Every structure is written in C-alpha cells, then in structure tokens.
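Sharing a structure with you now.
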Amino acid sequence: MTAATNPVAPRIRLGMVGGGQGGFIGAVHRIAARLDDRYILLAGALSSDPQRAQDSGLQLHLAADRIYTDYRTMAMRESTRPDGIEVVSVVTPNHLHFPVAQAFLQAGIHVICDKPLTTSLADALALQTLAGSSDRLFALTHNYSAYPMVRAARAMVADGRLGQLRLVQVEYAQDWLSEPLVGNKQADWRTDPALAGPAGCLADIGSHAAQLAQFVSGMAPLELSADLSSFVAGRRLDDHVQMQLRYANGARGMLWASQVASGEQNGLRLRVYGSQGMLDWRQEQPDQLCLRKPGGAASRLTRGMAQLPAAAQWATRLPAGHPEGYLESFAQLYRDFAEQICARREGRAADPQALLVPTLADGVSGMRFIEAALASHHANAAWVRLET
Amino acid sequence: MTAATNPVAPRIRLGMVGGGQGGFIGAVHRIAARLDDRYILLAGALSSDPQRAQDSGLQLHLAADRIYTDYRTMAMRESTRPDGIEVVSVVTPNHLHFPVAQAFLQAGIHVICDKPLTTSLADALALQTLAGSSDRLFALTHNYSAYPMVRAARAMVADGRLGQLRLVQVEYAQDWLSEPLVGNKQADWRTDPALAGPAGCLADIGSHAAQLAQFVSGMAPLELSADLSSFVAGRRLDDHVQMQLRYANGARGMLWASQVASGEQNGLRLRVYGSQGMLDWRQEQPDQLCLRKPGGAASRLTRGMAQLPAAAQWATRLPAGHPEGYLESFAQLYRDFAEQICARREGRAADPQALLVPTLADGVSGMRFIEAALASHHANAAWVRLET
Amino acid sequence: MTAATNPVAPRIRLGMVGGGQGGFIGAVHRIAARLDDRYILLAGALSSDPQRAQDSGLQLHLAADRIYTDYRTMAMRESTRPDGIEVVSVVTPNHLHFPVAQAFLQAGIHVICDKPLTTSLADALALQTLAGSSDRLFALTHNYSAYPMVRAARAMVADGRLGQLRLVQVEYAQDWLSEPLVGNKQADWRTDPALAGPAGCLADIGSHAAQLAQFVSGMAPLELSADLSSFVAGRRLDDHVQMQLRYANGARGMLWASQVASGEQNGLRLRVYGSQGMLDWRQEQPDQLCLRKPGGAASRLTRGMAQLPAAAQWATRLPAGHPEGYLESFAQLYRDFAEQICARREGRAADPQALLVPTLADGVSGMRFIEAALASHHANAAWVRLET
Amino acid sequence: MTAATNPVAPRIRLGMVGGGQGGFIGAVHRIAARLDDRYILLAGALSSDPQRAQDSGLQLHLAADRIYTDYRTMAMRESTRPDGIEVVSVVTPNHLHFPVAQAFLQAGIHVICDKPLTTSLADALALQTLAGSSDRLFALTHNYSAYPMVRAARAMVADGRLGQLRLVQVEYAQDWLSEPLVGNKQADWRTDPALAGPAGCLADIGSHAAQLAQFVSGMAPLELSADLSSFVAGRRLDDHVQMQLRYANGARGMLWASQVASGEQNGLRLRVYGSQGMLDWRQEQPDQLCLRKPGGAASRLTRGMAQLPAAAQWATRLPAGHPEGYLESFAQLYRDFAEQICARREGRAADPQALLVPTLADGVSGMRFIEAALASHHANAAWVRLET
C-alpha cells in the first residue's frame, strides 16, 4: 500500500451524474470512491426523473440543495459554490457522456467518465480539444486495466520479458444478452442506438477488450478486419463481434467480444505472446497472472508477491491469497485520480504510478477503434487502417 | 443487492481501538465499514503509543477531541457524549480483546471484535455473561463465513443437499511464518504468548478453520485429537496444528492449519461430504463453490447465479463474473451488523439474513475448541471431549 | 469397454510404411495398434534408408523377408502372399501419403493414413476416386476426434443440447517451432515445401483444428478469411495461421493455429456456443468436457461417467478418474478400424459406433479447407467460399 | 524414450493368474505388458471357473495347452517347458496373492503381483524370505509411483529442492462404495474379509496412498494414530480411514483414504512441504507437478519438459502436452521390470532407472503399515510405532 499524497489532505469533493436507484455502475463508482477514503460525495444529478433523483440523493445523504435534476444546473451551481465539487463522475448511458463531460469541463470541474467515451469519434475529438484548452483532468474508467496483475503484465511486456511481440489474443465473452431481455433496464439502453450509439457489444465490451490489449501490449493495431453479428432476432445493434488485427511490427491479433456466448459470465481474457514467452490473464481470476516461457514451467504469479513490478505493488491493498476484485479495480482508478487531483491542488507532480488511469487519448483511441470496426463490417470485413 | 433497513437512516457512529499506522487488520475493518456506507468513523484509540495514536487519528480525519490514547477514557467519554459512538471495533492484538470489549460493553456500546475472542475460555465466558446482562450487540469478525458462497454452502447443507454428513475436511495453509521473521510487527505479537495467548497458529488461523467448518456443516465436533508443532527454532508458540475430529452423528473430520506450509498463501479450504454429495470451497477463489454428486458431473456454482440460496444473494454486490473478495467478506459482516444495530435503534426485528454474523456464542465455542486442542496436545494427542 | 466383434477373431495382419528409428508418429501408431490387441505387425518399409529400414524391422521383430526398403515392392509382395498384410499404416512425411496410399489401395490393401491426407486437393480427390472404385477401407488418423469426450461433445451437439449453434472457437497453439530448429528431424520436413506441401502450420495442426471443429459442430464452414504468417526468419512455410469463419446457418467462427506461440505445448481447444449453452474441451485435459448453460452452473463431465452418450462409453477403457490420453485416442481409431475390417472379413455390418473414424471424405474436406485458406491468404484475407 | 536393453532381445514370455473375463485389473496388466512390446502373453490360469478360464484364454489367443484352470498346475508345467513363461502376473483378489506368488517363485518364475502384497504381515515376511533364498525377481504394482511426475517429485525431494521436510499430506478419495453395491464383482470381494483380508479401504487404496507418500518423501512414518470407519450399513470392512503420522525427523503427516467420499472419482493427491518449498501432485492430472517456493510463483511442471530429472524423462513416451495416463503408469512398471528381467538374462546390471519398481520390501512395508493402522484403530487411535 503506497500513498504518495499528503496523508491529511482533505477528502476530494465529488459529484455524480447518473447513478440513481436501480442503476448498476453508479453504485460501483460510489463504492470505488469510498473504498480508499479519498473522496466525499456531496452533490448529484442522479436521474433525469426528478422523483428518482430526489430519492436517490436522500438515500446517499446528500444535502437537499445539492440534489439536482439537471446536470447543467449542477455544473453551473457547483462551479460557483466555494465548497463546490472538484470532480464529477459521469455514469449515464453512453449518449450523455459527451454533453455532460463537456458541461463540467467548461465549468472547470475535473471529470471521471464511464466508457465508451462518446458515441462518435467526432465527439471524442471535440472533448479532447476542449480539455486540451483547459487545465482540468479527465479519467476514463476502463477499470480492467487497473487490476494489479494487468499492470504487472504491462510492466513485464514493457520490460522485454516476452521478447518481440508476435500475437495478441483477447476475448470478452458474456451471455447475458442471449435472450431479448426486453424490459431489463441495463439491456434496454444498451440495445437502443439512440442511447448506446451505433455500436452495441462492440462499444460496450469490445472497447474494454481493445483497451486492455493495447494497455498491456503497448501497441495499437495498424489495421483490422471486423465481422459483427446480431444473433437475437429483432436486436438493432451487434451482440457479437470478432476481428483480426495486424500491428506495425508484423504481429498479429484476434479479438472477439460477445454478449450471446451462452454460459459465459464476464469472460475477459488476454493472452500476449512474444518470441520469449507469453502472459495470460483472466478477469474472473484477476489476482493471477500466468507467465510461460518456451519449454519452461508455467509460472502463476499472484497479486501481493514481492517480486512483482512496482506498478502492481502500487495497486495492491491486501497480502497474497486475500482476494481482491472488481471493486478494487475501480477503486484503484479513483485512488490514482485522487493523487492526480491532489497533486494539482498542491502544485506538484503526481506520482508517476498514478498516471496509468486511462485518459481522453485512450477514449479517442477507443472511438477510432469502434468506427474502424464498423467501417470494416460494412465493407464485408475488409481491412481498415486505423489512423494514429 | 438487498437492503432491508431504512434507506435514509443516518450512518452509524463508529469508533475503533487499535488499528493505528502500520497495522493490517484495522485498515481492513475501516474499508469494510466504508464499503456499504453504513458507518462513519468518529473516534479512536488507535495505538497505545500516543504519537502514533495522534497521527493515525488525524490521517483518518478524526476530530482532535475524539482521538484517544487510552481505550478506557474513550469508552467513558464516548458513552456520555450525545453524539458518542454507537459501536466500537476492537482490532488490537488478542490479549486486549477481552478488556477492551468488556469496557465498551460496560459503557453501553455495541462491539465488533476481531478473532479469536479472547486468550482463555474463562474470559470468553465472562464476556458472554456480561453481554447477556446488557442489551448490547456483539459481532466477532470471522469474515470467511461471510463469503456469499460459504453462506450458500451452509444453506445447501442445512437443506439436506448432501444427505447425511460423513466427512469434514478443513485446512488452512500459509507460509508466512516459515522463517523466524523477527522484527515483523505482524509476526512478533502473534508468536509472543504474552500478546497472542497460549496458542499460536491454532488461535490465529486454526480458529478460522474450525469456525468455517462448524458454520457450514452445522455440527460442532464431539471430540478431537490434536498434535501441535513448532517447526521454526526458538518459536514459543505452535506454528502448525493438525487434528482428527469425531462428530455426534458418527461423522469424521480432519483439520490442519499451518503457518509454515511453504508455498501456500492463504489456503483455507473446506470440503464437506455427505451420503448424497460433497461441497468444496477455497478461500483463494471465493466466488466459486463446487458441488459434486456421486457419479455425477462436478458443478461449479458462481456467486451471482440466480439459482443460489437467498443467503448468498443477500451477501452479493456484483453480478456473476465480477469478482468479489476478502474486503467484501468483511464488509458483509459490517453491513449485516449495521442492520442489527439499526433494527435495535428502530425497535424492530432485524432481517433474519443479517443474523449470520458470528456472535459471542461462536467466540466461546472457538475458545473451547482451542483449549481442547491444547489439552489433547499435552496428552500426546489423546481424544478430548468438547463440552457443549 | 465394448467390443462388438467376434472375440476370438484372429489378429489383423498389419504393415507399416515409414516409422523407422528416430521417428515419432510411427511409434505412436504401433502402440495404438497393440493397445487393444487387434493387430499384429508383420511387414514394413520403415525407412527410405535401407540400413535404417533393416535395423528398424529387426527391432520390431519382423521376419527378414518382410522388411522392405521400397513401399511399391512391399505392396506388390504382400498383396500376393497368402499371409500378406490386410492393412497398411502410412506414417511418412506428407508428400508420400498420396503415392503410398495409392499403391496399397491398388494392391487391395486397406489403408490407415496419417494426416493431412495429401499435399493437394487434386491428389485427395484422386485418392477418393480410386477408393470409390475399390472395396478397400480407408482411415485418416485425426486422432483428436477419437477422444471419448470429443465424441461425447459431438453427440451432445447433434442431440440439440446447445440449441442453435452460434459460435465456434477453435485454437491449436504450440511453441516448438518458435526457433528455427534446423537439424531437428521433425522440424526439418515440416518446414520444407518439398516434403510438407504448400502449407506449414496450417496443414500440420490447422487441419486438426478444422477437423475437430467440424466433427463436433457437425458444420463445415461456408466461407473463410485467412491470414498466415511466418514469424521465424528464413522459414519458407507459415508457422502461424488465423482466420474467421462463416457458416451456412449464420453462425460465426474463429480458428487459429500456431507453432510459435511461446509457452504453449499442445494447446488444442474447442469451444462451441449455441443458443442454449456451450461446450469447452481442451486436449491437454482430454478426460474432461465442460458444459455450461446460460445462467447455470458450469458442469464438468468426466470420461467414464454413466450419464455420457453411448459414443463416449464406446471409446472408454478405464473408470472415471483413471486418466486416459493421447495414445488411447490413437488406439481408438485402430480399434474402431479393426471392427470395420473384421466386419468386412465376416460379411456383416460394422457396429455403427465404429464408423466415427475419419475417412477419405474428411481428408478431401481438409484439403479443401487448406487450399481455401491459402487462396484467402494470397488475396489479403479476402473471404473465400468453400465448395461442398 | 530411453531403452537400455538390447533392442532385438526376444519378447519376454508372460503368464497370468486371474484376470478372466469381467475383471478389471487383469486387462490393465495386459495392456501394460503390450504397450511397450516387451512381453508376449503365452499362458494363463485366468479364472477359477473352468469355463471362464477357457473362454478367457481363447479370447486372448492362448494356445489350448497353455490355458490352465489351476495355478499350481500352471506353475509346474510352465516351469518345465523349454518355452515356458519367464514371469507371471498375479491379478487375483488379495487372499490369493500369497499362495500364487509363492507357487511361482518356488517354480523359479519371476513374479509381478498386484497390491496389497498379502493379507497379513506374516505372509509378506514369508514371501520375502522365500524370494531372498531364490534369485527370482519380484515386482509389486503400485502403479501410481510410476507416473513420470511422481518420479520427478521423488528426485526433487531427494535432491533437497524442498529443504528439510516438514509436512506430508496425502489423500485418496473415491466414492464408488458410497452405496452397498451388492452384486458388483469388484465391490463384493473388496468388502469380504475372506477375500480381501482384514482391511478394506485401508488395504485397497490406503496402501497406495502410504506407498506414494513414502516413495516421494523418502521417509517411512515412525508412528501413526488411525481411525477407521464403516459408513455403509452392514459393511464388514472399513470404507474410510484417516490417520495422523509422525516421522523420525519431527515432520508431521496426515493420510486419509475413503471409498465413500461422495463425488470423488480417483482423487489421489500428495503434497509434501519442506522448509524451502512444496510439491503438489494429483493423480487425476498426472502429467502435472506443481512446485511452490515460499513467496514465489507457483510453477507447474509438465511431463516432457527438458528440465525435469532424468527419472521422469526415463518414464516418458510422448512430448509435453500429449497426455499420458494410468495405462502408461502400469506400462512403466512392466517396461522397467522387462529391463530387470533382460539384464538378468544377459548377465548384466539393469539400468539404475529401472530399479524404481516397487519390490517385496515395499510390500512388507505396506503390510506393516496396514497392521499398525488396524492396531491403532482398535486402541481408539492410540499412537502405534512402526517397526523398521
């Protein structure tokens, strides 16, 4: 457990947009914010439904005057209060990420935004431009890359432990959309182009797979060939995507993501092969990382082991054998972002370990990936080059 | 995610004894208390070293007048403040559990106490008597029995899914005391009889193994035959314990716990066999529970599955495939105990699901087990009968 | 253990072409032939090197006059002896499969041939024509489809246990060609187009992956898009292949095979997903088959369980928990083919369970797959339709 | 694949007592004898039922005059034929091991005997005396110690890789006797004291567990405390046994074996812990061996890896990733014993690697273990010292 920041710095004042009663990811963000005790939630526009916004705010012990029903009002008022929020978490459906993030950045408030960044590359680039002209910080919650063993994998690849990279195999298999699921709040917006954007499974979990592969391998694909499917009758967005990847150094890759892979829960797995060995990580057993060298014993590394790279130690709370999980991965993003915010407050450089939080650049990269995959799909899986 | 309590009940006012800087379990208790946002930490006697107590309190944002250097003063003052703490967490070395718990119970404050309850059966019985004459609540943090899949196992056994129980196999293997580790704060007190009591590994993790086995099987052993060892030269307490168990219904059992099992991290595992099947749970992969029937396929049940017993659903925060871990198991005890405290506040019965928190009776049972094991050991592993 | 054939039928007289000292697969075939005691090896042209042919024959206890240095002579002489061989095993490098199989079929001798069938689709079709005009039997040793749990998987898919098939994921990862390996007998011929044919990894193990997927799913791909690579400098054939598949019913698939996947041994794995569940089989733990249903427990089925399909029981020698392996999978092909040969001898129909041995049709299908993959690769991974 | 013996030595002439139609272990022995092609089965007294003996012999292609209905006649006649058998396999129920082995040793024929050696220590000692006064060889088929990775484990322990041994944990869990199973041939004799001897599960599989532990650890227990149970009503022999062990160097151990452990198939597992690490081997995945060092990564070693001890290479037929299993473990004993027999034929010393076949000394040790366990059990699990 490492903490570079001032140990008695006051907690960071946090607001939230989205995340009212009945939501999923909002509650995850709140737990993540509490876990390491660096934030205090003080304001929210938790729902577009005024009654739900009110009820949700009371349940979270917000003061009455800081429960908003409109994110624009919230951005304006909070930015002018002396005790206004310093950072906002955006946990709405995808189509609101852009306007909400824009409003708070314009109000001078740091932003933590759920993924995917936006519903179009153009919006993503616009946000990037906006943020570039302000001094506000931006975090994109690709939480899977915050697991300690993923950070260990990244450090080991960067360190040359695998030699020259040759193959990237990433998959993200779920089955919860195997059936139409009409009336399920989580399913409804994800399968509605007006709320989710033009990509379904591709944007929802394909984006995680792509970000994870890029985070660990340190390589963005040069070109891709993608084939999308909608297996459930009547579904308007893709529920399965698969693609081939080519990298600038000649490496090859495959990515598939599915929400109709019957029997799978949250099967995100990454394998990276190089000339000198491979790494294998599975989200469902996140405390483990398997390293295999040609002809050698398979080594199972465990979070908490002393020999791991510093980047993994930094993100570890508990000794080896005491499982950490999904909430801790989210909390790590919050903890690292707290360090960035406090460093900004205190006029110092943040600890370099705290800079692994995905940023707007990652969000732009993700949207570029999504749009390239859609373009390839519409050209019968022709190769599409990703600009950089 | 289930919450039976009043959703806008104010947070429970919490104090802590022990848990200053450099400690391990205190930080775990604090995260557990924060995770579900049912508590607010307001007071502490965090260390017997005044400076460390002060520094630790400031770091935790405690008000200056609620940072104590003496738990007796804290109990007295907090019990008389109108905004005094409602409950205290006792996270000291073992030898202080008894006097601290006693002081706060006498002051009319609920107690959450780390295990083992005390360092002698006599002290445990005295606490039980004291609590019996008050109306204060008591929780003992055997966190392993709060994992959702352990609660699932318990419900399945109680439901007769395994038929008549025949065999209980429980083991708890660690290796962190394989070497003398002199100067390691965690090791020092655990191997010092003055601080840890008369049992080492037996009390530290053997007690967890015994509680887990009893919690799931629903059976306390009738007699045991125990053999304790100290493998590291100069160690004054046992670092390895193994024993055979006999149950009233004719079932047999084996238990071993070791802190010198080289290569093991936190290897707590329970297997329960009955005439109709078996259950297998491993702490290092706590979201899984394996059920096997004679001649049948091995079924791997996963936390979050809809078909699990209600007791498991109750203790679940995340969907299947999104790993929960050790911190959530502790948080579950805090959340359940919050429900008990709020029910008491509100003059209603607590939700029955919240009553699985280990109590003083479990602590007494644990001390009885420890003393029987010590007695057997001193009689060359003769069978010793456990009173009930 | 099931045996439909006459229990005291004399052993089948077997010859072998290839498989001299220093070879690998020849020894495997001989063990397979001995394991169930249905064959007796009596003749061989074990090497093109006369001295090695002689030494190898003596070591195998062959009579001097049945040790040949030329397969054509062997085919001629054995076909005219009254005690001549009934069947020949062809275990040479790929380029000889065609002429050897042709010679023995023309001599009226049954053929067991290692995979891939030939080095071109044209040769494969020619063999099929030749065999069609004779009454000789032909077995192609795609051994992986003879594992009991693979046969179980096939029966379960055919039975509709997975519903409508949606996804096929097959991979075959090895690392033994990660380095140039010049001078290694096994490597040398496999990377020489004159001996191996125009495809390297694709033909050597990609063909196994494709056959396995087709055997279990019951579906041949309609079109494929393939990308081949040669990662090791100077290598003249592909050492890595990956592709996307489309099936007539709309299902999608991915296949990759690599001999440069550092850290992998013999990682053949098949996953088949349908609307009602999925099956997962890994060659390195062949006695297990995992069945998962949406939302349900993962079921691990084990070879030897009473509830398995008859096709799995048929191919099982040992009770559950007593591991069988690679040699038994080969032996199963030999045992089943023995049943076919004895049925032919005895003028009766073979037991239907013995008909799962891959045939010339499978070999033709495999060559069609290889040529389509090569064609796609040469067209920058364009979709290529497989004729049927 | 290593073979020290003369490559063109004639096959060893083998006979068999027991193993007629319907048996299990006889068929296993025959496959084991064929697998490496070092034996030819020429004679048998395959059943005490004359018709079954006859039918079984014909099915195995035995000559009519070498199908016996009486093992004494067989021993006499075969010992006087010029082409008589050189070695006999004894695969009868336990109570016949002694007289059959005795008869063939007296006839000057080498013996391969299934375990346990006899039904009493006295008989075992008598056999040892008899063999000591002859020059005949004796093999006891504790096949589990012939798995390559078990031999690797033994070599690694002997090499000091684990440091000073501290703990031995061995278990052997099956469930096939969970129910009475009356009328099942395999069950009937194993639960009948007249055929199986005075111990049930203890002799049948407890003896395997004890031998495995001793083989790998290189230590025999100094004293034991055993508790036997019969869980199935009406069963006359133990179906579950558990015990504690103490070793001369202060190490501790636990052993349990059960045939009523519902849901287990053939769950033999050994863990050995020393001051510098541990080894973990499971029979159901026999090609793997896990090595863990304190604080270090878990290493999974695989049969076929180049870095394994020579003793493992010696017992390996296939490359890594190509699973071997139970039949190969038996075959290894046959292959090693063939080397011993051929060395004897040729008047040379056998290859030292071939000397790991269990012998009469192991059989005597096993019977001493069984009788000590029975004695302890009858004294309420008091400690019983094992003579050496």
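Here the chain labels run A, B, C and D in written order, and each chain numbers its own residues starting at 1.
To be clear about the criterion, a contact is a pair of C-beta atoms (placed from the backbone, for glycine too) under 8 Å apart; a residue touches a chain by one contact, two chains touch by 3 or more.
Keep in mind that what you see is a predicted model, and the values were worked out from it rather than measured.
Student: Through how few touching steps can subunit A be joined to subunit C?
Tutor: 1
Student: Specify the chain most distant from subunit B by Cα centroid.
Tutor: If we average the C-alpha coordinates per chain, C ends up farthest from subunit B.
Student: Please tell me the distance, in whole Å, between the geometric centres of subunit A and subunit D computed from their C-alpha atoms.
Tutor: Chain centroid spacing, subunit A to subunit D, equals 56 Å.
Student: Between subunit C and subunit D, what's the gap in Å when you average each chain's C-alpha atoms?
Tutor: Each chain's C-alpha centroid was found; their separation is 34 Å.
Student: Would you kindly tell me how far, in whole Å, the mean C-alpha position of subunit D lies from that of subunit B?
Tutor: Here subunit B and subunit D have centroids separated by 44 Å.
Student: Please output the residue numbers of subunit B that touch at least 2 other chains, ranges allowed.
Tutor: Subunit B, residues with two or more chain partners: 264, 291, 295-296, 298, 302.
Student: Given the complex with subunit A, which residues does subunit C contribute to the contact?
Tutor: Touching subunit A from subunit C are residues 162-163, 166-167, 169, 171, 175, 178-179, 225, 227, 229, 231, 240, 242-244, 246, 250, 252, 254, 256, 258, 260-264, 273-278, 291-296, 298, 380-381, 383.
Student: Could you pull out which subunit B residues touch subunit C in their complex?
Tutor: Going through subunit B, the ones touching subunit C are 291, 295-302, 305-307.
Student: For the complex, which residues does subunit D have touching subunit C?
Tutor: Touching subunit C: residues 1, 7-8, 10-11, 24, 27-28, 30-31, 34-37, 58-61, 174, 176, 264-267, 283-287, 302, 304, 317-328 of subunit D.
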